[in-house]
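The structure under discussion appears below in the form of structure tokens.
When the chains are written out, they are named A, B and C in that same order, and each has its own residue count from 1.
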Amino acid sequence: MHSSVGQVVIFALPAVVVAAFAILAIRDRRRAGPAAGPGFVATNGWPVAIFLIVAVGLWTVFMIVLPMLSMIDLSFRPRLPPPQWGSARDIYTLENYRYFLFGSTTSTASWNTTHLKAFGLTIWVSILITILDFVVCYPIAFYMAQVARPARLRLFMLMLIAPYWVNEILRAFAFRLLFASQGVINRALMGAGITDQPIDFIAADVALYSGLAYAYLLMMMFALYNAIETLDRNQIEAARDLGAPWWHIHLFIVLPHAKPGIASGATLVFMLTAGALAAPLVLGGPRTLWFTPIVYDRFYQAFNWQQGAAYALILLVACVVFVLLVLKIFKLRLGEIAK
Amino acid sequence: MTSRTIQKAMLGFYIALFFAYLFGPLVVMGATAFNTPAYPTFHPFEGFTLKWFANLANDRDIVYGLKNSVWIGILVVAVSVPVGLAGAILLTQVYSRAQSFYYLIVVSPVLTPGVIIGISTVVFWRHLTDITGLKFIYDGTVLTVLAQSSFISAYTMLIFLARLARFDRTLEEAALDLGASRTQVFFHVLIPFMMPAIGSAIVIAFLSSFENYNTTTFAILADKTLTTVLAGRIRVGTTPALSALAVAIVAVTVVGAVLFELFKRREQDIAARRAAAAARSEAAETAAVPAHA
Amino acid sequence: MTAAVQLDRVTVRFGDFTAVDGAKLDIAPGEFFSFLGPSGCGKTTLLRTISGFIEPSAGRVLIDGRDMRGIGPNVRPTALIFQNLALFPNMSVADNIAYGMRVRGVPRRKRAETVERLLDLIALPGQARKRIDELSGGQKQRVAIARALAVEPQVLLLDEPLSALDLKLRQHMRNELRAIQRRVGITFVYITHDQGEALAMSDRIAVMNRGVIEQVSDGRTLYNSPETAFVASFVGESNILAGKVASVDGAVASVDTPIGPLRGRNVRGLRPGSQALLFLRPELLVPSADGIAARVTDAAFEGTGTLLTLAAADGRPLTVLVSGAAARDIPPKGAEIRLAYKAEEALVLPPDAAGDA
């Protein structure tokens, strides 16, 4: 299929989406009957109605839907020099995806082990870090939400908000200072005589993984805190009075209640970790495998935007699959976690 | 010792450990900014110095990046606060299936990795400017504002939604009944009610924009912001000047965030005082009403 | 004289549900008029239709003789006091009261004068700069009234505004509302589910049930001569006995009830053989030598009288309010007594189609 067809599709799709939305909204109104009250323009008045439509229209169409569609479109195109764009050779192809799997746009002889391994490792490590962050945060979140007195809670909140707003590059930088060959940890180890050679934490990816686990910890913390905070303290008291052991209270009362918070924390931490760019750039060694720097290099080292778009899309699909899995496992709807 | 006190001690220890982990790296980074050696280290502490901070002010790239970051932050606030507000208001006016569909679209940027938002924005606008010939749009600052606003608008929308959920619709009806036009209702009733949320949204939007790296590094093209300058420098090597910059940025954002938090507290205290005053007049009134009215 | 508010067969439907069904009545200028009914009877819908938030599905609303079709709430000569008052929390007392004038473009000086005058009227002088969340419930109430009066409406609509107050204050505010209405002289349309409120304040009351106006009259008539079983049971207390009309003798019908044949005023001219309900107010029944046999099960002293609870021959409970001279001689618990009443004071009414009462 020639890619000019795609052009039409790309610009027609948002129109279809907007029209579908309008039809849905109108049908919902019809079903509600006169109880729905006056219409959209009558409810808001002309100036506000225009503001709402224009602002939301520009946002959803030009900032969300169209960019995503053009990225998808680009990912299915061959790499061509600019003069040939839109020419007869610019046809839809799977070669960018084939490259991800086989390292070649023509042969399927051998697997593209570097990229596949990087991708697999990124997903796997992100999942582990998500779980680790949950385990680290849960006791503190529970303490703040259910045990701490108001004054202590205020202090803790302030202490958490401060590091929360520290830039992620700076967090990575701080870890680099800790783990560098002349860094704090190596000097301490050598000073204590545990080792006489500096340990290369960066090449061993220790620095990267601890930096990643650190970077998005507080996302999990606030998500958990908000969820546990809404649990009625009396429920815990009641369970304790009935003689439930502490682990039973957490497993069967607190955790089920905090489900939406756990899901939203997990989604955020996973998405941010798998999509992290600053930490791998700053804390990664020359042989470190992480997927986002590879995507970055497709664009700004190899200048192969088509392939970069395909790689970005693969990452996005992985994230969407993760979100869907979390929703499925926790039996939740999207609206319950995105808060 | 009872098991309760052991539990308490363990919890206390864990909390201490947690905050040590949280602040340790940042404290180390901060300390290196004030130490004299040219390689960033805090042990041995050879001497207190502020020269690394002075170096910063003379670093043209960093000063340029800082200006650009502030400028972009202001533009992002200008876009994402009204857009988020419109998004939230519209969400309260559509129902059932249309609402779920709409919500899915506007919340998707929150759940999309930042690099992908940056990439898709650049890809789309390069394409569009090729077709239309509007070359001025394909500019690092413009693209960064567009890319950042796409997800920061979703943040602000979520802030506004939380506030809107507590809005009393009869206030709008009351204003209307007293003769206000729909537009007047919007500006006299809804906007003042949303004011605290608008304040929060401005702060959050600016901070999110200022500290963003993943999206910016793609969308900024050949231009620079403070975070991209910083990332470039850190990749090349570490110097105490970078620690100094880190300290400066952390100081600004943290002081901002903490001030904002304290400001919110003050608002709550004022509300509490008013409620107390209301309770007092309530008591006075009940006492004043004649027993057999 | 043109009616202040005229409802001309107003019907409001929400989908399949008919909230107001063919409401037809006139409210005179300067009248304190109440709609009384249980929750869900359609009174709030009717009020919102008068104020313009809801367009009737059929029929017309006329205010001062003018058809209000297509005229929005912001241009109608009505002002509404909401159940939750809906005061603007971001504005001071003065700004709240002046709001209607502000959007009408009344000059600042004039606004300030009016606010002064109204603060005097509602007995809150010198409180102009206070914030809404610093006020007590009663003070908020007064500010809401002043805010509505400030736009000089022809009709003031009140949606159960006293329901949030405690009992003592509520009774006090009833008197005050009535006094304010007399002073300003405009038409008040009040809705409530509290018959005490309606009876105490109103010139006339419309009783509503299931979207239908059952009866419109002054409070005394409503209490003494209800026209439907619903009105008779909703307004005031009654002992209700179901049965069949046995015979009709002029204005009085005899009904066969489970505790024997009883006579009452045949308000609606029921024929012998038709189903009927006999209503006996507790204060109409008097212990006497002859009449309905009953056994005293309980006696509660209520200050102005004593409320007796009795069991009739078939065990059903009856209540009797004994007051005045008779109250000096209360029969003891367990006593077998007889109760008499004047036949023309009891009422014989057909049961409601829907089967309540």
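The rule is simple: contacts are C-beta pairs under 8 Å (C-beta built on N, C-alpha and C of every residue); 3 or more make two chains touch, one makes a residue touch a chain.
All values derive from a computational prediction rather than experimental measurement.
Considering only mean CA positions as chain centres, point out the chain farthest from subunit B.
Ranked by distance of C-alpha centres from subunit B, the top chain is C.
Report the most central chain, judged by the distance from each chain's C-alpha mean to the global C-alpha mean.
Per-chain C-alpha centroids compared to the overall one single out B.
Looking at contacts between chains, which pair has the highest count of C-beta pairs?
Top-ranked chain pair by contact count is A-B.
At what distance in angstrom does the C-alpha mean of subunit C lie from that of subunit B?
So the centroids are 54 Å from each other.
Round to the nearest whole Å and give the separation of the Cα centres of subunit A and subunit B.
Taking the average C-alpha coordinate of subunit A and of subunit B, the gap between them is 17 Å.
Centroid of subunit A to centroid of subunit C, CA atoms only: how many Å?
Whole-Å distance between the two chain centres: 60.
Find every residue in subunit B that makes contact with two or more other chains and list them.
Those would be 181.
Provide the list of subunit A residues touching at least two other chains, using ranges where the numbers run on.
Only 32 qualify.
Per the contact definition, I'd like the list of subunit B residues that touch subunit C in the complex.
Against subunit C, subunit B makes touches at 168, 170-171, 173-181, 184, 188-189, 192-193, 195, 271, 274-275, 277-278, 281-282, 284-286, 289-291, 293.
Any idea which subunit A residues touch subunit B in the complex?
17, 20-21, 24-25, 28-29, 32, 36, 40, 42-48, 51-52, 55-56, 58-60, 62-71, 74, 85, 136, 139-140, 143, 154, 157-178, 180, 182-184, 187-188, 214, 217, 246, 267, 271-272, 274-278, 281-282, 292, 295-296, 299, 305, 308-309, 312-313, 315-316, 319-320, 323, 334-335, 338-339
Sort out for me which residues of subunit C touch subunit B in the complex.
Residue positions touching the partner: 51-53, 72-75, 78-80, 82, 84, 86-91, 99-100, 103-104, 131, 133-139, 147-148, 151, 166, 168-169, 171-172, 174-175.
Quick check on the complex: what are the subunit B residues that touch subunit A?
Within the complex, subunit B touches subunit A at residues 7, 11, 14-15, 18-19, 21-23, 25-26, 28-29, 32, 39-43, 82-83, 85-87, 89-90, 93-117, 119-121, 123-125, 127-128, 130, 146-147, 149-150, 153, 158, 162, 181-183, 185-186, 207, 211, 213-214, 217-218, 227, 230-231, 234-235, 238, 242-243, 246, 249-250, 253-254, 256-258, 261, 265.
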